[in-house]
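Across the two complexes that follow, subunit A remains constant while its partner is subunit B and subsequently subunit C.
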Partner chain A sequence: MASRARMKPIRRPAAKNRETSDFEPCWHLLRSAMIDIHTKNAGGLSFEALYRASYKIVLRKKGELLYTEVKSFEEAWFRDHVMPPIAELITNNLINISLIQAPGTSLHERRQMGEKFLRGVRDAWVEHNLNMNMIADVMMYLDRAYTAETKQPSIFAATIGLFRDHILRNTLSASSQEQLTHEFIVFDILNAVVLDLINMERDGDIIDRNLLKKITSMLEDLYETDEEIDDQKLYLRVFEPRYLQASKAFYRRECERLVRDSDAGTWLRHCRRRLIEESDRCGTTISLLTSEKISKVIETELVMAKLGEFLAMEGSGLKGMIDNDRIEDLSILYELIARVDPSMAPLKATLQSRIMELGLEIEKNLKNTDFSVPANGGGADGDDGADAVDKAKAQPLTVAAQQTAAAIKWVDDVLTLKDKFDNLWSNCFQEDLVLQSSITKSFSDFINVFNRSSEYVSLFIDDNLKRGTKSKTEAEVDAVLDKAIILLRYLTDRDMFERYYQKHLARRLLHNKSDIDTEKDMVSRMRSEMGNAFTSKFEGMFKDMELSKDLSENYRDHIRQLGDVDTKKVDLGIHVLTTNNWPPEVMGRSANQEEGSKVQCTYPPAVKRLQDSFYKFYLKDRSGRVLTWVGSAGTADIKCVFPKVPGKETGPLSKERRYELNVSTYGMIILLLFNDLAEGESLSFEEIQATTNIPPQDLQRNLASLSIAPKARVLLKEPFSKSVKPTDKFSFNTQFASKSMKIKAPTITAISKVEGDDERRETERKNDQTRSHVIDAAIVRIMKARKQLGHTALTTEVITQLANRFKPEISLIKKRIEDLLNREYLERVEGETAVYRYLA
Partner chain B sequence: MSGESDKTADSTRASGEAEISILNRRFSGRMVKIIVGPERRKWAIHENMLCPISDFFVAALTGPFKEREGVIELPEEEVKAFDLFATWIYRPVWEARDLPAIEADDNLRNYLALYVMSAKFLVNELEVEASGAIYRYYTLKNDTKINEAIKPKAEYVHYLFHNTMERAGLRRFFCDLIIVHCKGKEHPSKKDIEHWQTFTDDRADIGSQLMQSVCEYISGNNLSSLLKQKRLGEFREYK
Partner chain C sequence: MAETATEGFVTALKGYHNSATFSDAVIRCGNKEFKTHRLVLSSHSGFFVKMCTGKHILWVRLTGVPYFQESETGIITLEEADERVVEAMVYFLYHFDYSNTQGISSMVFNAQMYSLADRYMIAALKHIAKEKFETAIKTGWAMDDFLLAITDVYESTPEDDRGLRDLVLDVSHTNLGKLLENARFQELLRDTPRFAAEMVSYGPEKSRRDAAERYRCPSCTKVNILEWQRGSYFYCAHCNSRRSDWGSYQV
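The block that comes next holds the complex of A and B.
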């Protein structure tokens, strides 16, 4: 036997003979058993006998010899019996097809040949693996007592590696019958065939997955060396890099094709399908070790590579998805982007700009509507059927009401847009927090770019609360209030909103236009959203209203007890309003009056007596208070008697007519003048003004309501026209008749409407004034605490403190600081630029 | 490979009935017939008791060899040693009973055979236990001093050296014993010298191991202290 030559010379001659003689019979037994194992004849062998034979060899210190004998036996067996059938599979044809990708072969041919080759490799591997396991079992004691001690690869590792060294890393060309034309190793062919088959499957072919799985698990079981170091699996070191590279190329081509031929929707679904497919493939065909890496390949090559181009596609791109609410598309898109970019940058940017665009579009539409309204309202008849209803209702109120409608349309549109994006957010974006904040920011941006947003939101609430009590159910009103609060959150100029809301609320309360419980509900929502300071005025208004109600009743009781006949049965209902809580307009402190002396109109003696009587009653419990009578804000119910018109025998004019007329306080003062007038006499505008001292504008409006609108035309104007001029004369309309007993004179101030540009500038001016005071207060507060502060730091702090109320202009802050320097609240710190010190 | 034979029908059983499952796992499955020694003494042992203790049994019973039928012949093992082996195998069932203590020299021989057998079949745990029992036999109650009344027989030393690998811990222990028993013999008798000859006769490795012990002794190391638990750990032949 050739191996005997490798035996080490033994130094102890005494032991030599006995121990050598032990080896021969044992090795002989083992050798013939190994042949039986390879030829599948192991069934009759005794494992114990074989184990004992190898045990004895090792015990007699012949482990090294046994180890080399087993190895060389297996090498020889491998060369003679395992390699030849594999070599036969390696033909020029196979090489041409797999490595060189020669043209002219059909897909079918390629697949068949590839699978045949893989099957041959698999069978040889399965066989080899099984046999080596059995031999390793027999050599178990050798491994434990000798191999491990000497730090050599185990018998199994040393023999299983034959497959790697002699097949995978071999060309096998020497043993092949044909003269092969190319340099290669079998591993290259194996990889190429596997990758080719997988690409076929990606293209829709059906392949033998189990076969591939066996091949890849073979590569997982083999290592670079016999040391079998964990991360040196052939699978990881050789196959996987090539697999990833080939996949990369495949998906790069696929992505280029898609961006050329398909739309974004197809691409999205394709990406999703590929991700699932590849992940499944790792389980069924390749190895789970590759799952994450192959996902990364798809993410870079298929998702990210042309992301921008797909998203920008006309119609099917992101814009189209958003505009057409393509829920599924957006859901997939979100999932894909979430995988590759948790910051959501690509989605976020488009989403934001789209919201901004749509928001600005709302504003643009509104401007168009505004433009068309005066044309309809001003003309005698509308040419548009849809406008007819609107117009009929709005007729006496003209343009103003339609502008109000525009405001409501704006809010509705914004809310609809908000609903749309909320819907996308919860249905497609898995309620992603990053996207939520960017959506919110975009909404806030475009809403605040629109300079009327505060007013419009308030008007929207006004409209709903006024109508709410009539036609809407509680749940509907509730939903509307919720929406209003949502919009409120977006507003940065909250002080502007406060101002408008105060004005609108005052009108609703004084004219009893809305349900007080709903009003309180709304305000309490605002409180929880924006804090007590924001709603304190509104709550004060509610309190005034309640106290006034009690006061009126008490006063009525008081009068009844007195049995005072002087009042001529004038029934007084009074609202005592605390000045600070109510808007200046309502309190009769409009801009011009603020500057000049307060004009108090002259009340008729009967009314004056009533006022004095009430004031006396009021001061009984509250000394030192001053009451100012606001004629412009009140109303009066007047019972009027129209005597029978002489000469008329039939119709309503033939009888005496009694009506209850509801007019403003000023209206009452005017009408009372006509009580004292003889029949046929008239009063001029100037006369009326001189007597009553009602401000000319108010007078003009009230006279108009009593002399122009047909349903309450109790005065006749000379000359008759559509507007009141200072030169007009007025007389009692004896011919007046009405079908209803109670008549309400139309009042213009009772309607909340959009401000005209002048009005709005006025409101802004007033608001800026208030802001100046608020900023002053903030600066002083900050400086008092800090004593000394730089300009920039101070500005920043002011902005932070006021963020909850409004966003102050930097220039305004600067102006206020200068003003405070002048007023010596602050001083500049010498030697340092732009640092201030607080002066106590 | 080890433990694969545990995968019997019971592996699907619910884990709730823990007590039953442990016994059941061991005692379900087939019985293996083991025929020991030239006298062909038969044992019937649960496959699931054998396989967890040694890969030898796993390979024998689950491989394609003759033993797959459930019969293992161990013609070269000793019946008494296998008796101890079987006792130890079923020890978990008798609530973790130690190996019975060694009462006399005759008994010791079986423990040496058990020590050799457990090394052969790769049952490390039993290897340690068997060497522990042997150690306790040669030492006094507190395990630290050698009982000078019991001399190691040359026959045993020969058996040990013939059937163990070079690094076996017990080899060293026996040589330590021999040196300790030489203490005080300034003028060894002829009988002593003859006795020593029987030790080293034909065995160079015994002589070499003895020299190691002598070296340690004359270097001042107290052998009996070396015999403490610390050295016991070295009885394990392989890691």
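The block that comes next holds the complex of A and C.
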């Protein structure tokens, strides 16, 4: 095999002394090729031949020589052929304009001259770049076997850098510019021209974007050194800082101009436009590397710098935007602020204070509004007599009705305000959570500052539920209930609300004024919003009502089975109410509770019999229960017969008249007294009181309803006046006539009116009392668990525990703690200040 | 059935060897001509990328200034290379393997293939040529063409490229006694001073290398050859950092 090999010798690159002799011809070949490349004659060159030439040089260990030769060739070429045309472009005029900003040249001139210079630089760069690429391609083997091994910059990096060293960093010392205080390099001119052009574009001129893009990408391709370290691009190191600085100055000036000449709306749109423009500019004219940084510049200089001043502008500022629902303005504002401050601080503060102001305005308006004139459509009609509507228009409203109207107006206004801000929140603020919570907080703040909010919310519900069954569709009622729940969320004193709602609900239920399904719906909404504990009383009330209905029916059956006709056709509908579930007022123990005496009025024998009969029936299944009859809360339908008035031959009085009169239980008791009275006789107030033992206030009210209101004046009062006095006398009104068969005596207690000041103070006092107990319970519960706790910690804990019900006052908590110390539930820990221990 | 994801592709590629289908480049060497594909060539080596690329540089297309002639004509003439080696190289570009079918001494053939692969920057071919060369000289060192191969190795690969040189030295060192009996070998030593010099230092170097272990310095990442023992410390020869945990950086 060896012999065969020698017989067919392989052709091999011969000659022993090639190592040195090869260099000259190869370099010669390469050198002339490089000239061809520079003079655009490369078409005929064989890449393989050139590559092979450089390969051979490197293989013969002359790589270093080749490297330096190429470099010096390019340097020389650069000096002789590339720089002169550029130098020509750098005229004194250009220097004047770009660096000294000498006056006296038109914008157009400046742009032309700048673009001409840039075009020259660009052309030189593009050509240089291509040539260096071609030469580096030929020298591939050099880069791989020599440059990389010796850790030098690649031949491309070393030659492309010439552009930086000999053009961009060329000092302009030769130019006789006395005005220039220190030396400048071409790079300075380049930057100045580019920045000038960009500013022209910002001012609305049209410039050659492609040209600028080429220049900036050149700066991206060049590095501070031939090592080409990534973060040392000339673009990042030199151009970008100046660009940002110039932009800063530009936008600072612009912002000052805007704050002087424009309104906030213009400013907002301008900011938005500039942000889009600059971001576009990064894509089309400079580099995407700058996008974020330039946005930052606009954010600080244009958005933030005068933010406060713009927002405070009269009319067009934030207040104006909110008041006039300038959706677009606010949307832009939100977007801008979201960019710079995720906490939304500037927007939040104004928004909150504006809500507070508007909220307090509602309250103020309420005080200034005259509710004595009924609102349109009788909407404020607190009385529910259907036939009273037409009269109500003519008559001034009662005080109670006025207050109800005020409550409804307040709620409506608050809801309108809420709608307004909800609308802004979803349309402008992108449903921002931070803003949502601050809006909610502001609403909660002003609502709770208003001391009647709990009562008004309850009254609003009351009014809507009472009327809901009549005129509104299901969907409308639904919407109202939703709104009520929204308001409910804002209330901090929920126990106050509970108290009012209980009172109003009791009246509605007992007088059957609302649709029970709607009532239940409302309460179930409250339950899901505030928890079971909150609604347990209300549900108990519903249950009582249902049980009572069954009870009444059973009792009726029971009576029928007995066949007892002795009841004189008195039909009993009874509500058995569990004491704890119902408000004390309804249970007839309002003010008297403290005095310890429950007033029990004297019922007429017929009624008394009925009561006993029912009590017996009731106890059959439930022994040991006590029933208290609450006369103030019930009603009675009485069939009255008014005999023919003698001497009247025509008109209603000429016949016998039968009416069905609906009065309160007290009213019934009073009227029954007159049954036994001979014609012409009268009873004095005191006599009635003595006989019936009805509390004087109730008596007064009931007598008023029977003797003053014209539509149910079945009693005559002597002397006749608008109010009932203890000295008045009453007699049967034989002349009474009415168009309708059924007459309802205006039952004053049934009206859910706004409390008077005294009443409210009373309610608050009671509420505070309840709160004291609740706080006591909380303290004991906490101390039982903790055994020992400091004063501050205990206070905080109490507030947290009760947050869902109300906001206890610190002073009250302190008082309760002291009280518990006195009652020896707690003791002070000796030697430590304000630390308590639980005493089991 | 496919062992790797590329298997089907590799099989199909073989079908395009010297095929006119889609061919857009011709490699010429001596009297031979091979139909090839720029994409295949470029996938193997940056050399071919640069050679074929010109037409596709946007600026060249816009200005009409041509790049090198190969990119225009698609004809790649390789000179100063044996056409039989070039033929095998082209075969490799499509088959990822080659064989010496020309009856040339396989030691010389593979040495030249290695050099050619280095010249045109075809890394995979270089690797496979080295393996084939090693097998060839281990069995064929006693023949005269081993001496030709040595000359080729020392003339046609760069000095820093230890790939074939160390193999040659190792085989020569192992069989030095026998080789020295050959007058031609002695002549070779005289004619190729680099080889002679490396032979002289190879023996001690080798025994030292066998005894020592190689460690990569964690601070400068360079490799140290140390006779390190647990418990002692050494300075890195490159960055002078002192450490006693070389054991963790053995390579």
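The rule is simple: the second predicted complex is superposed on the first by the 779 of 840 C-alpha atoms of A that agree within 3 Å, B and C clash if a C-alpha of one lies under 4 Å from a C-alpha of the other, contacts with A are read in each partner's own complex, and residues count from 1 in each chain.
The working rule: a contact is a pair of C-beta atoms (placed from the backbone, for glycine too) under 8 Å apart; a residue touches a chain by one contact, two chains touch by 3 or more.
All of these numbers come straight from a predicted model, not from anything done at the bench.
Asks: Should A:59 be classified as contacting the first partner (subunit B), the second (subunit C), both, or neither?
Replies: So A:59 meets both subunit B and subunit C here.
Asks: Comparing subunit C with subunit B, which touches more residues belonging to subunit A?
Replies: C
Asks: Once the structures are superposed on A, label A:678 by its partner contacts, choosing first (subunit B), second (subunit C), both or neither.
Replies: Touch partners of A:678: none, neither subunit B nor subunit C.
Asks: Is A:288 touching the first partner subunit B, the second partner subunit C, both, or neither of them?
Replies: Neither partner.
Asks: Where does A:148 make contact in the superposed view: on subunit B (first), on subunit C (second), on both, or on neither?
Replies: A:148: touches subunit B, not subunit C.
Asks: May I ask you to decide whether A:45 touches subunit B, subunit C, both, or neither, giving the answer as first, second, both or neither?
Replies: A:45: touches subunit B and subunit C.
Asks: Once the structures are superposed on A, label A:126 by its partner contacts, choosing first (subunit B), second (subunit C), both or neither.
Replies: second
Asks: Can you pull the subunit A residues that subunit B and subunit C both touch?
Replies: 12, 42-48, 50-52, 55, 58-59, 61, 134, 137, 140-141, 144-145, 149
Asks: Which subunit B residues qualify as touching subunit A in the complex?
Replies: By the definition above, subunit B touches subunit A via 1, 55-56, 59-60, 63-67, 72-74, 76, 120, 122, 163-167, 202, 204, 237-239.
Asks: Which positions of subunit C touch subunit A when the two form their complex?
Replies: It comes out as residues 46-47, 50-51, 53, 57, 59-60, 65-72, 76-80, 82, 84, 103-105, 108-109, 112, 119, 121, 140, 143-145, 148, 152, 155-160, 191.
Asks: Using the touch rule from the top, collect the residues of subunit A that touch subunit C in their complex.
Replies: Residues 1-2, 4-6, 8, 10-13, 16, 40, 42-52, 55, 58-59, 61, 126, 130, 133-134, 137, 140-141, 144-145, 149 of subunit A touch subunit C in their complex.
Asks: Enumerate the contact residues on subunit A facing subunit B in the complex.
Replies: 12, 14-15, 37, 42-48, 50-52, 55, 58-59, 61, 134, 137-138, 140-141, 144-145, 148-149
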